[in-house]
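Just below sit the structures, each encoded as structure tokens.
Look for chain A in each of the two complexes below; its partner is chain B in the first and chain C in the second.
On to the complex of A and B.
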């Protein structure tokens, strides 16, 4: 705990001291202190994971009175994720911000420090007021970070949208807390368990609370802000928001599940259903995108869905007393929290490097970058394989644990619950293969083939700090993928803090052994690959080597970059099936006459939640407020009348009181 | 041990023999004599002795993809149930690793096709990806259903059905049909794809490997044949009796595989290829079959709670 507090203070110092440092050294000063602070905080969390929970109590005058910061297994795990993501983000950001030498960045760096700091506080706070304070600090500081490119209209819209969404979330969470407090009579989270005596009441309160957290996490249909805010933010911020910040929503859901104990069946099924919806629809929306960062943002929705599947299964398991579902579902979800932080950070940073080099996020204008920016391309492909859940990388490990949960848990679940679990397995498989489709598109169109624009042709790899930030994440991805056993053992200890029937450690042990076998098979696969590649190169050398020529074009040898397949055409077979469900607008100008001069095809993905939920909702609110517009007439006499009326009413109230 | 060695031996020959049987049956149905049964194997040996012409557009992705795809497919096949349902490697959840390794192979084959910058290859890749999107969930649904009933989590045990009863009959029927459809789809056979077409625009799998040559092409074709063989293995694991003694089991497995190939050959001789826009409708059959199996399993487990 001391280490953790020292880390928080160092982080705060990083935010303050950089402002006093002259501009040339400002970023470096900030990055050094921030990384040091995060290392300290991470070390603190690590010792907690090994030694057990610790807490520290501060006494304050009214209204905070006491503030308790506690590191238990769950908090420590999230602190580790935040610290590691924060370190990579800070290093990458130091390089990324180097591209803005004419901006002072004082405010930006200060907000960046506050942002990471507030996330650390959110996952360690144990009372309502400090939690809400940290939560709001997190929203506001990230708002400042999103609003970096303030001259851009799109960024301004996204910022406003984000601002509103975060405060709707805040209102919901506040309502949930207040409901709990009416029963518990205290702002301490641990006292909330008292409300469970009244089942339906606790369920309603939890639902409201979870809705608030779901907005932050980005579950469909609460995701509207996410695909707007993430592309608008500068890439070092997008990576942190997507990889780390939205996980605080997941943390909230887990924390209150842990406190309240066994959830109702309905609640578990609602969480599971929303998770499945988010996973499948999130990736379908991602497939339709042309904007690289927006595509990645929709994948965050998908991955939050996968995490939610684990949580939903675990909640169902808690309800029906199903050991594998609780332990493996929760462990899979937590592992995916970590994994998503790693690969989504890497992918956003890669997209940032591409944007930096080619000045566009439009996939259709990129291409052939693998020759121009080989390091970024290799890292992005690695991240893509990981996010598609494919071996031998980390995404596979968490999905593997989730499948194990379902395969081992289904036979123990009675009646229809077994079928629910199997259907969930099918949906997870669908999500996985759709992610594969989407990321072959992203890698293939952005990095492979030939450049589709001059800007893409002139692209080059970013500098050392940006690559270092990405490489750090790539190493972690490989570590979790190839040596999964210790990582699983760690999340299993966190999962075991949930009310588990039987001995959790005894149930986790065979899975640790299984993961050991998995990593041996993966090593076998890699050796086989190395052997085959060696054989192939030897054979080719012996058979007369490799001749270079043009790509086969039915005998046509002058193919241009514009003749390549595009991202839209690559996904068009799928869009023909699902486009209408997704609100995909297409526009086709057919070729006319014998010598057609022009033809055109355009497609615009529209988010149905935006079109049918958010837009009408906003219209309704605007209409309702327009009914009150007469209050603000601008007429001075009217305002004086308000004053007089108020005074009269106050007078009447006081006199009535006495 | 003997079973493992047989499994590995079968991996080397049976996939080619299946291809040979298919083309022999098609030849016979067309009134021709047809090439030797092991012709696909000789073709591969010939390809291994050839050089390659590689597009200037391609990168390292194109270079590593064939070896990576073959390595992933071979490793996946080591996890599959073979003679007497014995797996060379087995552990809890091995089926997930097996199918996801095939996914890895697919990932690299798709981006290797896009690496050439050819519109033909992009087209083939897009179609292949869509077909996988439809068939992949059906496999997991079916495997999940088997797990739901058997309580097993390992490949071989998962496919060990009870000797008699209504549920094993339903599972064997739906499963055999499902795997046969998957074999045709993943093996790129008629009515989904036509391995013998000569027009780039109508190819799917073939067009993705247009620019591959020499050993790389050999690797990709072997990987494709292995994938087809995997579905024959799954069919065998589902339908062969549990209490088969080792010797008949060693003969039963190739028999089932060649029977599957013969059936595919008969289908190819009788059926025309579907219009590409109709293939997804056909593939939804696999999802339907898996859902039927799931519904049946819930019914036979004692109804809906």
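On to the complex of A and C.
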């Protein structure tokens, strides 16, 4: 705990000292202190996790009350995710911000330090007020970070949208807390268990609370802010927001499931249904996107859905007393929290490098970047393989654990619940295959082929710091993918803190063994692949090497960018099937005559939640306020009259009162 | 005496508001506000005044034991003292705004300030 507190203070120092450092050294000063602080915090969390479920309490006086920061297994796990994500993000950000030499960045870096700090506080706070304070600090500091490119209209709109969404979430969470406090009479989270006795009441309160956390996490239909804010933010921030910040919503759901339990089966089924919806619809929306970062943002919705599937299964398991569902569902969800932080961070950082190099996020204008920026391409493709859940990388491991949960849990679940579990397995498989489809599109259009614009043609790899941040994440992805057993053992420890029928350690042991086997097979496979690749290069070199020459092409030398598949045409078979459901607007000019002059196909993805939920709501609010337009006449004398009238009314009120 | 002061205060307030509402020149409006401010202060001090009593200063002439029966209410006086200082701050702020406005627009006419109206 001392280490953790030292880390928090160092992080705060990083935010303060950078402001006093002259501009050339400011970023370096910030990055060094912030990384040191995060290492300390991570070490503190690691100590807690190593020493089992032991929890250390640290209370210090505050002007009004005691603030307790506690590191138990669940908090320690999230602190680890935040610290590691934060380290990679800081290193990458140091390189990314180097591209803005004329900006002072004082405020930005300070907000960055506060952002990571507040996330660490959110997962360790144990009372209502400190939690809400940290939560709001997290929202506001990330708001400042999103609002980096302030001259851009799109960024301004996204910032306002984010601001509103976060405060709707805040209101819901506050309402949930207040409901619990009416039963417990205390602001301490641990006292909320008092509400368990009254099932329907606990269910309502949890639903309101979870709706607030779901907005932060980005479950469909609460996700509207997410695909706007992530593309608007600078890439080092979007990586952190998507990889780490939205997980605080997951943390909230887990924390209150741990304290209050699962009062009704219906609650578990609602969570599971929303998770399935997020996973499947999220990936379908991702497929329709042309904006690289927006595509990744919808994949965050999808992956939150996958995490939610694990949580939903575990909650169902808690209701029906199904051991494998609890242990493996929860462990799979937690492992996916870590994995998503790793590969989504890497992908957003890769997208940032592409944006920095080609000055566009429109994938229809990119192409051929594998030759121009080989390091970025390799790292991005690695991240894509991981997020698609393919072996031998980490995404495979967490989805494997989730499948194990379902295969082991379904036979033990009675009747209808067994069917639910099987349906979930099918949906997860569908999500996985669609994610793979989407990332073949992203990688293929962005990195393969020939450049579709001059900017893409002139692109080149970013500098050392950006690549270092990405490489750090890539190494972690490989580590979790190839040596999953210790990581699984760690999350199983966390999962075992949930009320579990039987011996959790005994149930986890065979899974650890299985993962060990998986790991050996994967390493063997990789070695074989490397060996064959090496032999191929050797053999080819012995025959005098491979010479590249122009293909004999009946008169034309090579394919131009206009002859390639576009992103829209690549996904159009699927979109023809699902586009209407998703609100995809297409525009097609068919070829006509024997010698067609011009044909075109364009598609514009529209989010149905935006179109049918957010937009009418915003319109209604705007209408209500427009009824009061006459108040603001623009006449100064009238404004002064308002003031005089108010004073007169206040005076009359007081006089009337006495 | 109290009646005259009270009447004077209210007349000043009315003059101030009349000036603020009818003038377009920012500087004239600021002067009008300070006049109204002074009127409010006079009214408040007058409200706290009690006949045949002395200033709220405790010394040999007014021992603490029978102070309650011999001094006037000190609260409005302290309040007005604060209000004078706040009034100065408000006036300074208004003048600063007027200066910025003049710098931007090259006019002191408040009706030319329409940015917030759309």
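Assume the second predicted complex is superposed on the first by the 572 of 658 C-alpha atoms of A that agree within 3 Å, B and C clash if a C-alpha of one lies under 4 Å from a C-alpha of the other, contacts with A are read in each partner's own complex, and residues count from 1 in each chain.
The working rule: a residue touches a chain if its C-beta (ideal position, glycine included) is under 8 Å from a C-beta of that chain, and two chains touch if they have at least 3 such contacts.
Source: prediction; values computed, not measured.
> Who does A:636 touch here: chain B (first), chain C (second), both, or neither?
A:636: touches chain C, not chain B.
> Tell me which partner A:510 touches in the superposition: chain B (first), chain C (second), both or neither.
first
> Using the superposition on chain A described above, determine whether A:428 touches chain B (first), chain C (second), both, or neither.
So A:428 only meets chain B here.
> Between chain B and chain C, whom does A:436 touch in the aligned arrangement: first, second, both, or neither?
first
> After superposition on the shared chain, which partner residues are touched by A:615: those of chain B (first), chain C (second), both, or neither?
After superposing on A, A:615 lies clear of both chain B and chain C.
> Output check: A:645 vs chain B and chain C. Expected answer is one of first, second, both, neither. What do you get?
Once the two structures are laid over each other on A, A:645 reaches no partner at all.
> Inside the complex, what are the residues of chain B that reach chain A?
So the residues of chain B in touch with chain A come to 48-61, 64, 66-68, 70-72, 74-75, 78-79, 89, 91-93, 96-97, 99-101, 103-104, 106-107, 110-111, 113-123, 125-127, 129-130, 132-133, 136-141, 143-145, 147-151, 153, 200, 210-211, 214-216, 219, 277, 280, 290, 294-295, 297-298, 301-305.
> Which part of chain A faces chain C closely enough to touch in the complex?
Listed in rising order, the residues are 632-637, 640-641, 644.
> Note which residues of chain C are touching chain A in the complex, please.
Per the stated touch rule, the residues are 17, 20-22, 24, 29, 110-111, 113-114, 116-117.
> Which residues of chain A touch chain B once you look at their complex with the stated criterion?
For chain A paired with chain B, touching residues are 367-368, 370-371, 377, 381, 384-385, 388-391, 396, 399-400, 403-404, 406-408, 410-412, 414-419, 421-423, 425-430, 432-434, 436-437, 439-440, 443-445, 448-450, 510-511, 514, 517-518, 521, 524-526, 528-529, 531-533, 535-536, 539-540, 543-554, 559, 561, 563-565, 569-574, 576-577.
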